[in-house]
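These notes concern the structure reproduced below.
By written order: A, B, C and D. Residues from 1 in each chain.
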Amino acid sequence: MEIYRHKTQYYETDQMGIVHHSNYIRWFEEARTDFLEKLGMGYDRMEAEGIISPVLSVSCQYKTMTYFGETVEIAIVLTKYNGIRLELEYTVSNADTGEVRAVGTTKHCFLDRDGRILSLKRSSPGYHRMLEEYKE
Amino acid sequence: MEIYRHKTQYYETDQMGIVHHSNYIRWFEEARTDFLEKLGMGYDRMEAEGIISPVLSVSCQYKTMTYFGETVEIAIVLTKYNGIRLELEYTVSNADTGEVRAVGTTKHCFLDRDGRILSLKRSSPGYHRMLEEYKE
Amino acid sequence: MEIYRHKTQYYETDQMGIVHHSNYIRWFEEARTDFLEKLGMGYDRMEAEGIISPVLSVSCQYKTMTYFGETVEIAIVLTKYNGIRLELEYTVSNADTGEVRAVGTTKHCFLDRDGRILSLKRSSPGYHRMLEEYKE
Amino acid sequence: MEIYRHKTQYYETDQMGIVHHSNYIRWFEEARTDFLEKLGMGYDRMEAEGIISPVLSVSCQYKTMTYFGETVEIAIVLTKYNGIRLELEYTVSNADTGEVRAVGTTKHCFLDRDGRILSLKRSSPGYHRMLEEYKE
């Protein structure tokens, strides 16, 4: 499990006086970028190698509201990986109190430059092993 | 079923050359705002009456990619409503070809100014009837 | 002068209860995209021809506040164009009352795929004439 | 002069393959929030006291392009303050090379809950002194 921290910004709030719900989807991406980078699979490195990893689906359940100025922690867990598809789980919590703000998931595949689905297991055994080892 | 149209903007794209996936969540809100307004339950009117309707959960499955300049249609269906909770389904399609870009859902409840859960059935029978009639 | 209309969205608001000031910069882009498209110089067409048009500078003066649900009109005027640089002026008004919300400017140049500055006058005389004719 | 750091995110990029220009305006806000907080004038504290500080104008000149994954430093300088109006200058640079990405300004005033312009000098002498001392 990796932890990523994000300080909420004024431009993320809405007139309900809380952080707009669409931002959590962006925080998932921030945490995922950070996670893959630490794993040695940074987006920039993968894109340079011609591998893109689009989002197949996203879900988020909002538990409590996040306010401006709060720091949230996004804990990320690699729950599924089979050489072709990757699934991640996210838990967003207030960094001070630990109160859970939201939980969510994203699913991903890997494509080459021509948009064909890649089996990382075959095309990039190094990345494959990294992800295999991280599976919980 | 109501249809809402959105023309994709340059600032919605990302360096993959497609519309960033987080924007679909915002399009759901655009379509929902429009839908509730047509129903006579505009956010502004509800907020003026002290009713807010937070998002409890959101999900989106991405089927095909949306490109800059495309017009998408978001079809919205009220799938569940029980006086307390509301569930909506969204289908995003290319307005010209009808090709489905994504499908998704959102769930909502209703709160008063003090954050207490409202039963619309009891507190706002007018709104309750509108939503009941729209249920598919 | 071309007029572009935008309906403000909930996700554009902030906790001050108004539209966040950064969105006006995006509305300038929406209006500009629309303007260039009507002129026959759509971004997609230009990018396909290998011409990109980065923003060199942007400014915005906020006069009155824009609220959620309001429709704004963005009037766009081509104020300067010399074959190499382009300058546009924007006036954002409430579509119902005409009250001015903001005025702003953007400056642009044209680059080829290798990032070299283009003289549209020489490289794309067709586009050059279109812009020349539009200058006010 | 205060320095604020921001790591650019994938969702901030556009299909030109660079960070979309509208995000710089949001980074100015991030840097300003941080600056005012360090000064003891956090937005949350000021809003709790009934003081809001809207943006009167913003400008940004883009010098070089910012890419995904880059860390930028935003240096902020309080250039003008007269008890009623505040003016800030921002310089965005690549944190590794120091290359300047953009320079910009914002102007602000202070309003009470009823939207009346405040003279901080009279209504909040403590804040007034803080800002006076910081003027460069």
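Note that in this section a residue touches a chain if its C-beta (ideal position, glycine included) is under 8 Å from a C-beta of that chain, and two chains touch if they have at least 3 such contacts.
Note that the structure is a prediction, hence the values are computed from the model and not measured.
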A-B against B-C, pair bridged by the larger set of C-beta contacts: A-B
Where chain B and chain C are represented by their mean Cα positions, the distance between them in whole Å: 29
Separation of mean Cα positions, chain D and chain B [Å, integer]: 33
Distance from chain B to chain A - Cα centre to Cα centre, in angstrom: 24
Residue numbers of chain C (touch at least two other chains): 10-11, 15-16, 22, 26, 29, 68
Topology of the chain contact graph, where touching chains are joined (line, ring, star, complete, other): complete
Touching residues on chain D, where the partner in the complex is chain A: 9-11, 26, 29-30, 33, 42-44, 68-69
Chain D partner contacts - residues on chain B that touch it in the complex: 10-11, 13-18, 20, 22, 68
In the complex, chain A residues that touch chain B: 15-16, 21-22, 25-26, 29, 47, 52, 54-62, 65
